[in-house]
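These are the structures in question, set out in turn.
Paired with chain B in one complex and with chain C in the other, chain A is shared by the two complexes that follow.
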Partner chain A sequence: MEVSSSLRHLRSVREFVVQHARQAHFPEDAIDECRLAVCEACTNVIEHAYQGQPGRLVKVSVAVGPDRLSVRITDNGKAFDRSTYFEPEIRRLARERRSGGLGVHIIRRLMDRVEYRSRDGKNEIRMVKYRP
Partner chain B sequence: MSNFSVAFTRQGSIRVLSLTGELDAHTATEFEKAIERCKTNGEFSIVVDGEHLAYISSAGLGVFMAFIEEIRSEGGDIKIAALQDRVYNVFDLLGFPILFEIVGTVEEATRLFATGPQ
Partner chain C sequence: MNQKLQITSEQVGDSLVLVPLDRVDSSVARDFEDFLDARMQEGHTKLIVDFSKLGFISSAGMRVLLINAKKLKPSGGRLVLCKMRAGIREIFSISGFDHIIKICDSREEALAAM
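And now, the complex of A and B:
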């Protein structure tokens, strides 16, 4: 599916993931985890890659095979800089009254494989969840 | 149309915020406004009722994280009650139970305020 870079589309992206995973009889707990990981990844694209700029394109594709659910999300915004990522420590984030910094951690915790690629102005995140 | 709402009720001196729907980066501003409204009214003893909260992402958790120090510095707290299992799992994934009291019912959460500091 393709959506424009607005946070109000997050719900339809989640529904898209759930619909495909249910059709393939993926277990409900694993569907919950994929739904959250994809929502976090799309939020990061909209807020960070596109820096909140509306009207840009976010592409989400889902493939469910016998042993796995694979998701690919692409954008043409600013590439994710992995060097800025740090493992969040919530006591410290709360002390600093910060609300962000949790999404990438959630993705890494919930998905079995996560890969970021950037080439020729196009960024891609690929995530895999194996069928439990 | 937003698929998230916050209802304001009160149990004695405690403000209860009942969340309904899906709390994500799009709807988190509604929840922020609700906490801001509590602050403006001088209400720092807050119970968040999650019985009808169907979904939360990190943006929703971030609202709890951003306000908790300030609320506690005013002598209050945010206690969390009645979360559905699938929503509790997200709080747990990020270690929120070490920072927040999360209990089974709103009544239990309000009693915690009556029994003093956590």
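And now, the complex of A and C:
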């Protein structure tokens, strides 16, 4: 599916992923985790890659195999700089107004595989959840 | 499709019980923060957030809870969460939030923790 870079589309993206996961009979707790990971990843695209700029393209695709659910999210915004990412210290997040990398931390904890790629102005995050 | 924050509140003793409905994601996190700020401005210092009608919360919503729990501490206030379903409870656990914010199984337990 394709949506424009607005937070109001998060719900439809979540529902898109959940629908595929349910059709593949993934257990509900694994679906909960995929739903949150996808929401965090799309929020990061909208808020960081596109820096809140509306009307930009976010592509989300889901593939379900016998043992896994794979999600790919692509954008054409600013690349995620992994060198600036540090695992968040939760107590510090309470003092600071910035997002603090919590979304990335949650994605990494919830999904079994997470890969980022940036090339030729296109960014991609691929996330895999194995069937429990 | 409702894009606005949906939340109800109820005074129970000297605590204010807040029941967010549906979801608290980044599209409504600012409204959620404003709502909590407004309750604190009114003088409420004992806040319970009842998750029983919340289907989804993202890190943006979790961060609002964390910030407000910290804000209440100096005045002797408290923010306690309760009635989370297992999936959401697990997410609070893996992100480490449960070490900072008290999470109770029931509303009664949350009221007793105040």
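Convention: the second predicted complex is superposed on the first by the 126 of 132 C-alpha atoms of A that agree within 3 Å, B and C clash if a C-alpha of one lies under 4 Å from a C-alpha of the other, contacts with A are read in each partner's own complex, and residues count from 1 in each chain.
To be clear about the criterion, a contact is a pair of C-beta atoms (placed from the backbone, for glycine too) under 8 Å apart; a residue touches a chain by one contact, two chains touch by 3 or more.
Just so you know, these numbers come straight off a predicted model, no measurement behind them.
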item: Joint occupancy of chain A by chain B and chain C, clash or fit; value: clash
item: Partner chain in contact with A:39 - chain B first, chain C second, else both or neither; value: both
item: Which superposed partner A:105 touches (first chain B, second chain C, both, neither); value: both
item: Chain B versus chain C as contact partner of A:22, first or second or both or neither; value: neither
item: Contacts of A:117 with chain B and chain C, given as first, second, both or neither; value: neither
item: Overlapping contact positions on chain A, where the chain C interface meets the chain B interface; value: 7-8, 10-11, 14, 32, 35-36, 39-40, 43, 46-47, 90-91, 93-95, 99-100, 102-103, 105-106, 109-110
item: Interface residues, chain C side, partner chain A - complex; value: 1, 3, 23, 25-27, 56, 58-60, 62-63, 66-67, 69-70, 86-88, 90-91, 94-97, 99-100
item: For the chain A and chain B complex, residues of the former touching the latter; value: 7-8, 10-11, 14, 32, 35-36, 39-40, 43, 46-47, 88, 90-91, 93-95, 97-100, 102-103, 105-106, 109-110
item: Residue ranges of chain B in contact with chain A within the complex; value: 3, 22, 24-26, 28, 55, 57-59, 61-63, 65-70, 86, 89-90, 93-96, 98-99
item: Partner chain C, residues of chain A touching it in the complex; value: 7-8, 10-12, 14, 28-29, 32-33, 35-36, 39-40, 43, 46-47, 90-91, 93-95, 99-100, 102-103, 105-106, 109-110
